[in-house]
Amino acid sequence: MSATGRILVINPNSNPEVTQGFSEALTPLRLVGGPEIECVTLEEGPFGVETQEHVEQVTLPLRRLVLARGDVSAYVIACYSDPGLAVCREATSKPVFGIQESGILSAMARGEQLGVIALGPKSIVRHMRYLRQMAVMDRIAGERPLNLSVAAAERPEAFARLVEIAKELRDLDSADVLILGCAGMARHRHSLEEATGLPVIDPVQAATADAMASVLLARSGV
Amino acid sequence: MSATGRILVINPNSNPEVTQGFSEALTPLRLVGGPEIECVTLEEGPFGVETQEHVEQVTLPLRRLVLARGDVSAYVIACYSDPGLAVCREATSKPVFGIQESGILSAMARGEQLGVIALGPKSIVRHMRYLRQMAVMDRIAGERPLNLSVAAAERPEAFARLVEIAKELRDLDSADVLILGCAGMARHRHSLEEATGLPVIDPVQAATADAMASVLLARSGV
Amino acid sequence: MSATGRILVINPNSNPEVTQGFSEALTPLRLVGGPEIECVTLEEGPFGVETQEHVEQVTLPLRRLVLARGDVSAYVIACYSDPGLAVCREATSKPVFGIQESGILSAMARGEQLGVIALGPKSIVRHMRYLRQMAVMDRIAGERPLNLSVAAAERPEAFARLVEIAKELRDLDSADVLILGCAGMARHRHSLEEATGLPVIDPVQAATADAMASVLLARSGV
Amino acid sequence: MSATGRILVINPNSNPEVTQGFSEALTPLRLVGGPEIECVTLEEGPFGVETQEHVEQVTLPLRRLVLARGDVSAYVIACYSDPGLAVCREATSKPVFGIQESGILSAMARGEQLGVIALGPKSIVRHMRYLRQMAVMDRIAGERPLNLSVAAAERPEAFARLVEIAKELRDLDSADVLILGCAGMARHRHSLEEATGLPVIDPVQAATADAMASVLLARSGV
Amino acid sequence: MSATGRILVINPNSNPEVTQGFSEALTPLRLVGGPEIECVTLEEGPFGVETQEHVEQVTLPLRRLVLARGDVSAYVIACYSDPGLAVCREATSKPVFGIQESGILSAMARGEQLGVIALGPKSIVRHMRYLRQMAVMDRIAGERPLNLSVAAAERPEAFARLVEIAKELRDLDSADVLILGCAGMARHRHSLEEATGLPVIDPVQAATADAMASVLLARSGV
Amino acid sequence: MSATGRILVINPNSNPEVTQGFSEALTPLRLVGGPEIECVTLEEGPFGVETQEHVEQVTLPLRRLVLARGDVSAYVIACYSDPGLAVCREATSKPVFGIQESGILSAMARGEQLGVIALGPKSIVRHMRYLRQMAVMDRIAGERPLNLSVAAAERPEAFARLVEIAKELRDLDSADVLILGCAGMARHRHSLEEATGLPVIDPVQAATADAMASVLLARSGV
């Protein structure tokens, strides 16, 4: 490990634009004296992780990548399905963070009732299963779909649709904090906070901040 | 706000040794280019926050301090009872973190089943009420008391007792992550991790890391 | 303690009309041979308890009042936020009742699924937090806001709005028992029961009845 | 309805000594100007309600008794299994209370974590099913069996055993309020409170107090 | 017990057409070498089980029938209220299945989020109580009423209404598996699966299949 | 599909003795006129599925096998970790059953409070995560480890240890139904039922019975 440590943020899909997008969103977490934040694309990954098959395709490649990169101090799996989280945690004693898990937990420190913005209706059933597994269902105000593809959701034009869904979560479901339910929507975060008056959590930022804390705190300060 | 921001970590009791203790434990989070971390002692606070009366005594002083310190970007209330968290959040649009809440949420990203190390049996009932409010009861493996005062728990001699309780949580309650249920036990964290083989969360570190993330991410990175 | 005991019902806000209103609603509980029911206004209280700051302002004054009135046998805190309930319970070994808690519990003996009539949307988030803390979320059918001030909700003209909201709770949320989510709506209780065909719980009455039972049963009957 | 109303407390078993026992325990609730409290023995009932068959044997006789006694204002079913509660509630628009339900709800206003004293291990499974139905499981600290018959539990000699079990609930399970899980243990209530320092709820008293409140509050006080 | 065993499927109401209807629906479970499936009508039953009184009327007759038919190997109580399930289980060491319980559990193996099609709104409150007792509330997407009588729901003409309600459960409540909440709707199962694209569970079939498994597996295969 | 259908029971590990063992345990479910039950060993599987890595190694091979065997009517994944369940369900519209899921659900129809017999302590954390995901935690009385390997647990000599653990689940945890938490312990089922007096569920039998029901009921009987 270098003096300051390094975080590996892994995009499990093979679309480098997604990796590039969240790497930019992580700029504020790159500090002198802090851990380096390296964003990589999983070459074996599908172009997008949209099905359970895609999820399963990346679990062992993620594990191999974790093992191959023993030089880093913490890992982030940057796909909202948290693929391979359990198997990567088994493979290393270093911390591994999943963006859905960290995103939800971060939101629980910023509001009482969580509203999740999903890409489409199919992901909602999968997310609900995960939220039951996390045992946090009584904190979920609602989850609503954009009905957009990953690519479409990242574009500036998607913003109006995000605002519409976000306001439904706020006004109809009583959500007081929002989570972007996808790795590629960070660009909308600040403007969505302004448009809704609610805190908005980007899950890649949340998980990378968790990783950063774990790396910094692994050094003894006392 | 300064270019880098500043976090105010408030010790709600008036014992400056506690403040000094956790300030040292936060050294690893102090980075060039990162937010300044200022630890203050609430002068109006009791010498220790041990009763509900103590909790209530500090809520409005905490609120006043939050309002008086509009120069900072995020606040941490560094007492495991999270006194005044709701009223401070109401008073400002900036993030306010409570150490119990952040400690529990951080632990939920490091293990499946949480074991809490409490000072004494009285605090357990109060913590359980709070965990029900957080709606995370199905993640709690157990909470066990040290039967030590705050002062005693901070001392090096307390370590053997911490290890004993920690192993009960691990072996009898199946906890796979531990939380130090008090603001003043950070000094034991690393050695307790080594002694038990489990991640150990110090709640002041956890909440300050959450604050650090919120400050850094308030700057646009995209 | 007098032969029959005395209950102190405390209005934590300083509006004597509210005190007067619920004192009249408690007339049916004043029996020969039963405990006296004394309703008092907390002088230090704000004119209305509408924010978390208001809640915190009254907790220690309530505790002092409880301690000053050691002549009574049970206490009721007559504000739907149950301010100071934990600290007052800590201060005395005599029973202290909060009206939200007693109102919800009373409703649970009269119906399966509870509908709460709130003054406004802000109080709903606070109530949900409290209902999670009580760990009774699976019994809540819904909570809907009147969007009225305390003062407006007490007036006869508010009745039509109460009926509208009550019917939504009954017909859209499947509630089979209703709770008036404020200390000042008792005057509407009987007519709302008639208009909806459902039991309607006034929380001040519910808590004072709980206090009455505790006082009577403190005497040995066996 | 008479000017003051009347409560019918029904012993579903045919043992008049049980009826006599709880009638005496209800003396403190008999007030001038308050509802009369009439305790009756269900003639068709078994000598004790110890099995599910016993429960089923009394449901329709209870319903018939409720219908035959249209002169009363509220009903209490005084057996801890709450036999026939749903069918009696269906038969009348007047309030019907079950002693397990009222006992548990009363305890929830006196403590955070409930300890139930059961007669024997068989009743525990049945009670757990009922507590799941009430959706209050997160408030149950534990339930422990006396391993005594109903008759034995009522006798003064049983007190030492009650204290033993009560202290296990307090010290091993962290209960801070106790419920007597049977209709015939009221005689031990005050001394058990003294011996443990915890509030102790007698369920027949709790349900009859609920009935008393419902009768008194059915009269308009505003 | 005969070599192959026998299952007694009991219609707790006295309408032989209902019995005839589900007997036909059980044809696919009648196999050479498998247990015989005998469907009987409870003569003492009401013509339909629509109220709690009806439920209570059949519990002891069901128990007597179970005891009288010691020649069979497993029992099914074929009414969606699962009347008498506990008392019949107490009466015999052989397995007894209730159709609501088995229907819900079967659905939990075919989908994540359950949608229940009820006859009318009154049954929904009763079902919710039962689902709380089963402790499976976090798997329920919703329950919606047909507003049809039992007789009407069985007729072919009811199909359009079933499709309408089923699609609301699927599209508005995000259900991904449906349960027919009544003993007499099996005839609609296959066409409803086709119309909605979701698995549809008939509870009589589900419980009888559970009984069949228990009978077959009572024989040693190892 | 053949006239009678066929069920494919897949052993995800490559140990043919395990496959052989549960194939024998499924003999009672093989009926004339019923679906054929074909047990196969996943050649790509590890010799035992003991880690999360093993789980991930078999998910896509299981999916391929499901797709390759379009001739069958239902699938059972016969490993207690339920590896690949979600991805196999996504791949086919035919029913796919996991043995943990089916085992737990079967047990919920035979008892109130479930006791799970695990091979070792590591599997308990994984099972708890799965039970949270199933949202059935309030039905779990306890899970206790045998501290035996798969191979050892299958041997006759393991029986005494099973009885010991089973009695702890019954007597200390109040379990009234037991689940064998592994695919290879069916041989102990009948004798464990006799030794404990409780129903004992073998999960492979439970899931195959579920599959059998789904195949039979796919044929129209009305």
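Letters are used for the chains, namely A, B, C, D, E and F, taken in the order the chains are written, and counting of residues starts over at 1 for each.
In this section, contacts are C-beta pairs under 8 Å (C-beta built on N, C-alpha and C of every residue); 3 or more make two chains touch, one makes a residue touch a chain.
Quick caveat, the model's predicted, so the values are computed rather than measured.
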(request) Compute the shortest path length in steps from chain D to chain F over the network of touching chains. (result) 1
(request) Show which chains lie in contact with chain B and also with chain C. (result) A, D
(request) For the sequence-identical pair chain A and chain F, determine the rotation angle of the Cα superposition and round it to the nearest 5 degrees. (result) 180
(request) Have a look at where chain A meets chain B and say same if over half of the interface residue numbers show up on both copies, different if under half do. (result) same
(request) Mind checking the centre-to-centre distance between chain A and chain C? Centres are C-alpha means, answer in whole Å. (result) 43
(message) Rounded to a whole Å, what is the gap between the Cα centroids of chain C and chain D?
(response) 25
(message) I'd like the Å distance between the centres of chain B and chain E, where a centre is the mean of that chain's Cα atoms.
(response) 52
(message) By the touch rule stated above, which residues of chain E touch at least two different other chains?
(response) 129, 132, 134-135, 137-138
(message) Going by the touch rule stated at the top, which chains touch which?
(response) A-B, A-C, A-E, A-F, B-C, B-D, B-F, C-D, C-E, D-E, D-F, E-F
(request) Under the touch definition given earlier, write down the residues of chain A that touch chain C in their complex. (result) 112-113, 138, 174, 176
(message) If we count contacts the way the header does, which residues on chain D are in touch with chain E in the complex?
(response) 51-53, 55-57, 59-60, 63, 84, 86-87, 89-91, 126, 129-130, 132-135, 137
(message) Considering only the defined contacts, which chain D positions touch chain F in the complex?
(response) 121, 124-125, 128-129, 132, 137
(message) Applying the document's contact rule, which stretches of chain D touch chain C when the two form their complex?
(response) 24-29, 31-34, 95, 97, 101-102, 105-106, 108-110, 134-139, 186-187, 189-190, 199, 202, 205-206, 209-210, 212-214, 216-217, 219-222
